[in-house]
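Down below are the structures I want you to see.
What follows is a pair of complexes built around chain A, which joins chain B in one and chain C in the other.
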Partner chain A sequence: MKTFPLSPGGAAENVTLIDNVITLTDLTPLPRFGLKGRGSGAWLQAQGRPLPQINQIANGVLRLGSEDLVVVETADDLRAAWHAAPAPKGYTAWREETWAWMHLSGPRLNDVLAKICPVDLSPAAFKDNQIAQTRVGYLEAIIWRHTFDGREGFSVFFDIAATAFFANAVATAAREFSEG
Partner chain B sequence: MKILTCPMNGPRNINEFQCFGPVKNDPDPATTSDADWARHLFRVDNSRGVITEWWRHVPSNYFFLAERNATTNEVIRTFTPQDAEARP
Partner chain C sequence: MTRLPAPWGHRINRDKPVSFRFEGTKFTGFEGDVIASSLAANDQWMLSRSFKYHRPRGLMSMAGSEADTLVQLPSDPNVQADRHQISEGLLVTAQNVNGSLANDRDAFMDKLGRFMPVGFYYRTFMGPTRNAWLKFWEPLIRKKAGLGVLDTNATHQNYEKANLFCDLLVVGGGAAGLTAAIEAAEAGADVILAEMEPEIGGALTYRRDSSDLLHDLRNRATACPNLRIMTDTLVNGWYEDNWLPLIRGNKLFKTRAVEVILATGAIEQPATFRNNDLPGIMLGSAAQRLMRHYAVKPGNRAVVLAANPDGYRVALDLLDAGVELATVVDPRAGGSGGDLANALHTKGVKTLTGDITEAQGKKHLKSVTADGTRIPCDLLVMSVGSVPMWQLPCQAGAKLSYDQDHARFNLTLPDAPLHIAGSVNGLSSHDAVTTDAIRSAHQVLAQLDLPHRDIAGVEDTEAVLANFEPTITAHPKGKDFIDRDEDIQVKDLQNATREGYRELELIKRFTTVGMGPSQGRHSALAAARIVAKATDRSIAETGVTTARPPFAPETLGVLSGHHHPAERRTALHQEHLRLGADMRPVGAWWRPYFYGDKTDARCLIDEEVRAVRENAGVLDVSTLGGLEVRGPDAGEFLNRIYTMAYKKQPVGRCRYCLMTNEMGTVIDDGVALRLADDLYYVTATTGAVARVYADMLFWNAQWQLDVDVLNVTSAFSGFNITGPNARQVVEALNSNIDFSHEGFAYLEGCEGRVAGVPVRAMRIGFTGELSYELHCPSSHALTLWQAIMEAGKSVSLRPYGLEASRILRLEKGHILIGQDTDALTSPDELGFDWAVSKSKPFFIGKRAIEMRRNKGLPRKLAGLSFDAPRDSQDVPQESCLVLRDNVPVGHVTSSLYSPTLKKHIALAYVHGDDSDTGTQVTLKCRNGKRVNAPVEGHAFFDPDNKRQEV
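This part shows the complex of A and B:
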């Protein structure tokens, strides 16, 4: 059993995720599979997974660069197939080990995101299939629109070592809305 | 805040970027002295006027080139290495 930062014995074990005007949900344990380097796009396409444009998400595939891809749906099946496949197939980017994955939702989502992310994430400016590689909560992050467990919002990838920092940054940014 | 346009990610705040200094030609290993290698690796000409530099968009780890006037700090254009090869 893996230990994640927020699980018992993890580095952020005692950090509480905010759940009032904004809800932060830890999705870090969910499967994902990152591939990078020459041959990764062609290999993924050969598995029947069409590639979106750069900085877009489609069919559970995030494309972060021409040969930089992250699969967030049926990732475990794909990982097994990748390990068994001959090269060229890119190389694994260890996204499931190096990144935390959090979901943000809630009634003041847009107000909080406007404070912690410099990219305009309003529906008119940021489409459903778009990805922004930018800063969120003072950290390098990847953010995209994601409905999780029936809750509309955004998913964010960032450095897993900054899990507690990110949770605290979101809570601090939300404080002015919860106290009002 | 100053805005720089990344060829891949579009216009972003300058604090999302890191400068890697002016583009320099690699010296010939067969004919270059140790002192000149050291200068190539560790020292940069503090030029005035328009220079071409390597920049990196940090969140996406994307490297690109920018033409910048080092006197006025005006960025003239940003482009990819492929764009540079395509130009005559």
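This part shows the complex of A and C:
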């Protein structure tokens, strides 16, 4: 059985995710499949997955580099196909183990993100299909626009070992607004 | 407390009195008052004592520009009294006083000026007297430095940081800034306007005949939804790519603007004459700020030194406020007050053409001498010119030139998305300033591809009259201050030039002119004039000193923001807590230090060591760096990165990795397990893995090999089961791996499944005992750990922590990179020549290692042991010196008591000639005692490696 940081027995088991002026939702258990290295893009395309430009997301594929890709939808099917396929097919990037995945939304989302992310995430500057590889919550992170469960916001990948730290950092940044 | 009637004093709320204390005396002001205004309203004009001579000082600019208004709050030193608002119960004291402000015991220093020539630092610390530094000068200077007193018990405050972005940042909310911001915003630009004052308007808020324009601009600004106005906000520097720090209270806004308009205004300059620093002498704009902002009457009988139209406007303001005007002194030949002068004359005010040579008074102005005539007064107002606020433009690359005809500095901008507007651009009248701002805004709009139009440059007839170049001569009795912060007089600068200093940058260092909190705002122009004259050059040739950020003092808290020490947890964090671990931060990671009650720490750590030596223990090694190197050229890549050979390493074998840099210095070590022809799983030290990964990416980009490198540190967790009974534990696991001696030899590795979990297994360890290291994807770590603990029940497997691990590794003599190595350590110094391939044509550091080897061995890491009681102080601890003929030749890198060997053991660098086993070396303990010990090998325990290979 898999145990993720916020699962019972997980490293951040007792950490409460903020849910007032900003809402943090843990998506870490959701499937995702990363490929990296020579052959990754060609193999994914051969599976009928068109590749977006670098630092863009399209059809559930995040392209972080020329041969650095993460699939966030129907990833499990792909994983099985990849394991069965012959090389060249890139190499697994262990993204489901390396990164935590959090969704941020809420009425003060922009104010809080302005404190924890150095990238201009305003709609005019950061389009729907863009990815920023930057720092969020004092951690190296990947961020993109994402509507989850009907809530507009952003999704963030970051070091899974820093899950508790990230949750606390976001809550600390939001305190200024929740305290009025 | 007396105040002028409304509408004077629009910033104060007369319905809300506020009481506070200054120097122990209770004062009352109004809500909206600053400390200096409320004190002035109570006839308390003296605020501080000067830095060197302890002369009485008061407000001069009312703009936070000089050190004279710095005061002490209980937890905040160097608070600007002319900018900090009062609050109920506020406690304020004066700074840099010995005794009290009124009776400063150091006031006698004012009489000793001739014994304190300019160039104190140069004369004192670079000549024969330099040895007096530590005993005499250092304590004295330390006491004086910083003016205020830091409260080391200050309560915690929250400091925030945020990022802002905009099309246009306008710095300065005066007529020019407001106009430009509105013009750009109305055309569709996303605009931020930052103003350091609590209200927008700049000089319009206090300048005569400005209220209509101010009212109109404020109404337009309010109607702009895409104009963000930030008052009380200091723009404290300009950095590359239009990155500017905006500071508001305890919050730093890191702002990135596509375009910047600097509408920072001009800084009014003081005049130079003897005793020009007395309280009661102030700039014209300061008097206007006192009256219009705070309804404070700046004096009862005034003399106005007016060399421009603004001086005459101030005189008219003073009359309106009921101040008796003794005279207006105009230093310009013939005077040129024009209509304003006529207006004064009709009110019976005399205008005297001449100059002020001296002021009289002890703690406040009593009179001035103008053209040889002494004129009684308690207020002298100076309006003799201004300089553009050059700091931010010059930080951004603008050049400052001097217009001799109009006696003013001009700014020339670099070719950059940067603009200036208004009085910083040398303009003065409302019409000219406004037109210039519109011109600047439309330049920005053009750059932003927004609707714009071309607007011609501006002619300003009033600007021609705004500045005047006085003749500055040193008063025979001195005390004619150029730099009030540093008590620099005219003669000080002249003497510096006589000493041979010609360049202003050097004169600044010699005299300290411009080094105080005001950073030359009121001294740069006068200093340039004096130096130019003394060196027979033009002011343009003399220039001003370099402007660097920050513009004004900023607190360390603002720079720091929230304190967020990085924190990483292994997948077993909660499990360790459940087992009673004493968790401690090691770098970013939280790790178990030991398990059990803290009061029994030593005993528990000893037990954990014993468990490993006699039975079996398990350590969470998940913090180890993990890297995957994969691709057809993976072996070649590792061959170049590490010192040993990997290309022919068999699949299923582990090999030690030693990494050196181009200087041949050891920077990391680990183990590489070859899992397939094109796949290596490599471990790195916890603290260095990020650097190793970055280095690998760098070299991969250089070499263009067919390799992909991935940092999997967090993706994998690892557990090391070690001890004589370790095999019993792993063989009890439900696994498809043959853990037997025959099936899994020392330094072998494989992939398999344990308890249903995919694992990477290696027969490696750090303890010198039989060891198995199992790594698995972190989401399975808890399952694997629980299976290991269950399997270990039959032998009472014990988890052990970091401290036991440190002891075990030192007993075995394993080095820790970063602890037993430093920035110069070569493999030879570690005795690691066995780990350096002699046959490989290349690896990073190979050439340097060979070159260093040819130069001989300066030092070598050696084992040392000491048979002293466990708590003895006569044992060298980490960092203690190794001496040779009383000269330090090395130091102790690791030192611990071995519960296994019952003695102290250490690793230390000894002289290269002393590195043979048995050579006696001398070490100096922390208590100063010297002890001797013979050199040993690194491994104190099982030096023949029999235990780990069973």
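Throughout what follows, the second predicted complex is superposed on the first by the 180 of 180 C-alpha atoms of A that agree within 3 Å, B and C clash if a C-alpha of one lies under 4 Å from a C-alpha of the other, contacts with A are read in each partner's own complex, and residues count from 1 in each chain.
Going forward, a contact is a pair of C-beta atoms (placed from the backbone, for glycine too) under 8 Å apart; a residue touches a chain by one contact, two chains touch by 3 or more.
Treat the numbers as computed from the prediction; the structure is a model and nothing was measured.
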*Could you check whether chain B and chain C clash or fit when both are placed on chain A?*
clash
_Contact-wise, after the overlay, does A:25 reach chain B, chain C, both or neither (first, second, both, neither)?_
neither
*Based on the superposed arrangement, let me know which partner A:38 touches: chain B (first), chain C (second), both, or neither?*
second
*State whether chain B or chain C is in contact with more residues of chain A in the superposed arrangement.*
C
*Of the partners chain B and chain C, which touch A:47 in the superposed model: first, second, both, neither?*
neither
*Pick one for A:118: touches chain B only (first), chain C only (second), both, or neither.*
both
*Would you sort A:130 into first (chain B), second (chain C), both or neither based on which partner it touches?*
neither
*With the two complexes superposed on chain A, say which partner A:56 touches: chain B (first), chain C (second), both, or neither.*
neither
*Report for A:64: first if it touches chain B alone, second if chain C alone, otherwise both or neither.*
first
*Classify the contacts of A:74 with the two partner chains as first (chain B alone), second (chain C alone), both, or neither.*
neither
*asked:* Going by the contact definition given at the top, which residues of chain A touch chain B in one complex and chain C in the other?
replied: 118-119
*Quick one: which bits of chain A touch chain B in the complex? Just the residue numbers, please.*
54-55, 64-65, 118-119, 132-135, 140-142
_List the residues on chain B that touch chain A in their complex, please._
8-9, 12-13, 15-16, 57-60, 62
*Could you pull out which chain A residues touch chain C in their complex?*
1-5, 9-14, 36-38, 67, 90-91, 93-94, 96-99, 111, 114-115, 117-120, 122, 124-125, 138-139, 159-165, 168-169, 172-173, 176
_In the complex, chain C residues that touch chain A_ = 158, 160-165, 190, 254, 256, 562, 564, 566-575, 588-589, 628, 630-631, 679, 706, 708, 710-716, 777-783
